[in-house]
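Take a look at these structures.
In the two complexes that follow, chain A is the common piece, with chain B as its partner first and chain C second.
Up next, the complex of A and B:
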């Protein structure tokens, strides 16, 4: 009886596995047809791609560098301002969005939903929406980065806040401490390291995202790249791309170093 | 008049687990009462219902002549600051100085913003220094709390409790995570300071010998009910067996302790 049951369970498991494998293969074939993906086409495009990369883009035009310094600085400013203001706003909001510190569960759910909307609409969509109302420029880039930063940071901060040592909170509440005393003395000191850590990570993300934001009208290096492509100034474009790389790598190195100091 | 009068105190947790099923007792000023009982009998729940870290579901608690159940935020702060709590896990701020840990006992007396910013008054700082001297930790004053041994940390916990100038101390298994020598030091200092300052103490204990040694009265709890209330002499071996050996439904009772801890968080 039980041997028979075991045998049947084994067979069901095997059937499920086969079904899943068939589904995965089926979906892949279907989407390959849907996108008319084929290996020969990939091979055919390879030559064009290589020519574009090594002939059109190379060598980068170093004489264009002085003109790119302004946009490069704009990119850095935008990322930094979005991170700075974003982490302050998100820091305040996250206290109300974390289960451990929120004064009311309804407030908590509302804030979580709000921040989910902010971060789940891609930054490029925010920029396109904002360009329509504010026009092109750095302001729009900063605003869209800020919105997405707040969305991401509220979630990360709230999760860090939910991991703090509640023994300290309990001790202060039992001693008759008020809500703000508990926040100021027990919650914030424990929260500070992860606050700084997540903010720095957000700066890295902003620097990368600011290029995309720039390409749809948000200013900075992305805008320079987009204009260069439109004008077939490929040598200038590759110079700008190199600058983006340099800024991204420098930010990463810098934030890593600060993080190591703090944690 | 009794310092604390508890009548029909009940706690049923949200999932239906019964923590306390109607407990009555009185505490007179300056009494040192040990609360004993098996794990999960409701000792933790009882203490946490008294300062309403866990919301009681029924009964009455009269502290210094005033009903405490249903108090607003401000009144609850005033009640809690006169009812210090000492914890099994010390609940100290590990990365902060010992002195600051003691000063946290003053938060209930400070304005909200002053306390939030940690702007402690000069008098409070002087008092905290005196208290640390009293518990024998003058040299450790500026160390981080996690640099101290377990016994020393619990003495910081006692100093923090005394800083509240309480009428009553609720000690939730203060020696359960300490070795025998440190347990002895902590219990004797807790007992000494309470009697010197005329503070009443309700102390949850696992160790019957400790309860008999220090308490002026012992309350025995089993499955959320009071099954014994008397002097240490009246606590016979037979009574102890009754309190501890009534075949506890362990799984359920462990869950109850967990609930009490969780709800206070």
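Up next, the complex of A and C:
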């Protein structure tokens, strides 16, 4: 490559970079006008946020803790139940949704489309939708977490199933094994580690999502936070937020440990 | 879904570990964990005390609700599109601000570039605290602090996104080959020179990929922030739902789906192109 060519490549690369930067700056300015946003507003916003966090929310009301233990446990139970049922259903469905193991391509496409719908509608919208028919409470929270879990897990499981070593499958097929024998003897043993890995990850997501679900009527800690803010009981709110923090971080630590231990 | 890549990476390390543990031992542990999972599942179900009768009657009502959704009502399209644009703007501002903030913090957080170990630890812990609180809760906090509208949405996204970007940026920086840093240091380069000449060029494409991913996640989040009053299209949706206009709600749902999905497609394209170049 001549020096001139190299120089030209460098220049086009630099031009591209400048173009992208100008585009991003332009979009940001457009957005700032659209939302009547300004740097002083940002500065003031962070200031007000910090003041609210450290003055109005502090100190957390420890005496409110006993009342929050119930919702906190509900949050954990809902996430776990949704993960458990979700991973079983998604595990079964993903065998039909993966290109390598699906008995028919039409079934595969249909399942993928369904799981994409489950997954791409945010969990809070599922909750708002389901609250209208199932009423407030833990049932709605569990159901919406379950729907989103299935959506996510079918995709992740199917992708892992497509990555398995096809040599073993071929070998069993050549030996005259039936469809279910191939699944049981060649596919599942290879699939098990990712099954556990993704399920644990799903549990982490569910724990986060369950607080969101609670805000629109799905029970648990989110409900306590939302109602606390509406009633101006900020010290209770901060206690609940701290509980959310503890649960999320504890789940993360626990799942990491389990991952290391058994996989 | 925003953490897909992050998580794929953890799966890979996890599979690497798989080959290290003796198999018999693993199976033994697995059985106990499986047993515990089943027991805890049953226990959770009992504790939740779900009303199974409502499951059936609710399913019926749900089917009725869904039938009320058709045909979707697009008569409010002007409002809905304006709200959609606002959501996009909130997502852009939040992402850009969080990228700027985390870009600087990441150099303090990464093990190989941090000026001091304690600083790195502090920044990383602060980031994980920000990350652990869901964006919607941040939105609620900022709504109380600065009032309704797009501003609390921008602030909530900035804070939440900064929490996760600092982590992934720092990880990308830590993946930079130690030799590059070593070589620059041996020539007597200063900290700033090492970062500008050595670390940054190596990590740039990874950082860009994370930015694109982050925007994808932030857009999805900004569409729902309105449900708690932080402006944008989420408000239209929850408003339509609460006034039982399910046909309008479906239209809003369509718009949200198109927004999220088109960004996902564009970002997948970009990621493919970046991977080709790298």
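Couple of notes before you dig in:
Methods note: the second predicted complex is superposed on the first by the 239 of 263 C-alpha atoms of A that agree within 3 Å, B and C clash if a C-alpha of one lies under 4 Å from a C-alpha of the other, contacts with A are read in each partner's own complex, and residues count from 1 in each chain.
The criterion applied here is as follows: a residue touches a chain if its C-beta (ideal position, glycine included) is under 8 Å from a C-beta of that chain, and two chains touch if they have at least 3 such contacts.
The structure presented is a predicted model; accordingly, all values stated were derived computationally and were not measured.
Of the two partner chains placed around the shared chain by superposition, neither chain B nor chain C is touched by A:231. For chain A, the partner touching the most residues, choosing from chain B and chain C, is C. In the superposition on chain A, contact is made by A:80 with chain C only, not with chain B.
Of the two partner chains, neither chain B nor chain C is touched by A:19. Shared-chain residue A:129: touches chain C; no touch with chain B. In the overlay built on the shared chain, the residue A:42 is in contact with chain C alone; chain B does not reach it. By the touch criterion stated above, chain A contacts chain C in their complex at residues 24, 27-28, 30-32, 34-37, 41-42, 44-46, 48-49, 51-53, 56-57, 73-74, 76-78, 80-81, 84, 119-122, 124-125, 128-130, 132-135, 137-139, 142, 152, 193-194, 197-198, 201, 208-209, 211-212, 215-216, 222, 225-226, 229, 234, 241, 244-245, 248-249, 252, 258-263. Chain C makes touch with chain A in their complex at residues 1, 7, 10-11, 14-15, 17-18, 26, 29-30, 33, 37, 40-41, 44-45, 47-51, 54-55, 58-59, 61-62, 64-65, 85-86, 88-90, 92-93, 96-97, 128-129, 132-134, 136-137, 140-142, 144-146, 149-152, 154-155, 159, 220, 223-224, 227-228, 231, 234, 237-238, 241, 244, 253, 256-257, 260-261.
Contacts from chain B toward chain A in the complex involve residues 51, 53, 73, 76-81, 84-85, 87, 89-93, 95-96, 104-105, 107-110, 112-113, 115-118, 160, 164, 264-265. In the complex of the two chains, the chain A residues touching chain B come out as 100, 166-181, 183-186, 189.
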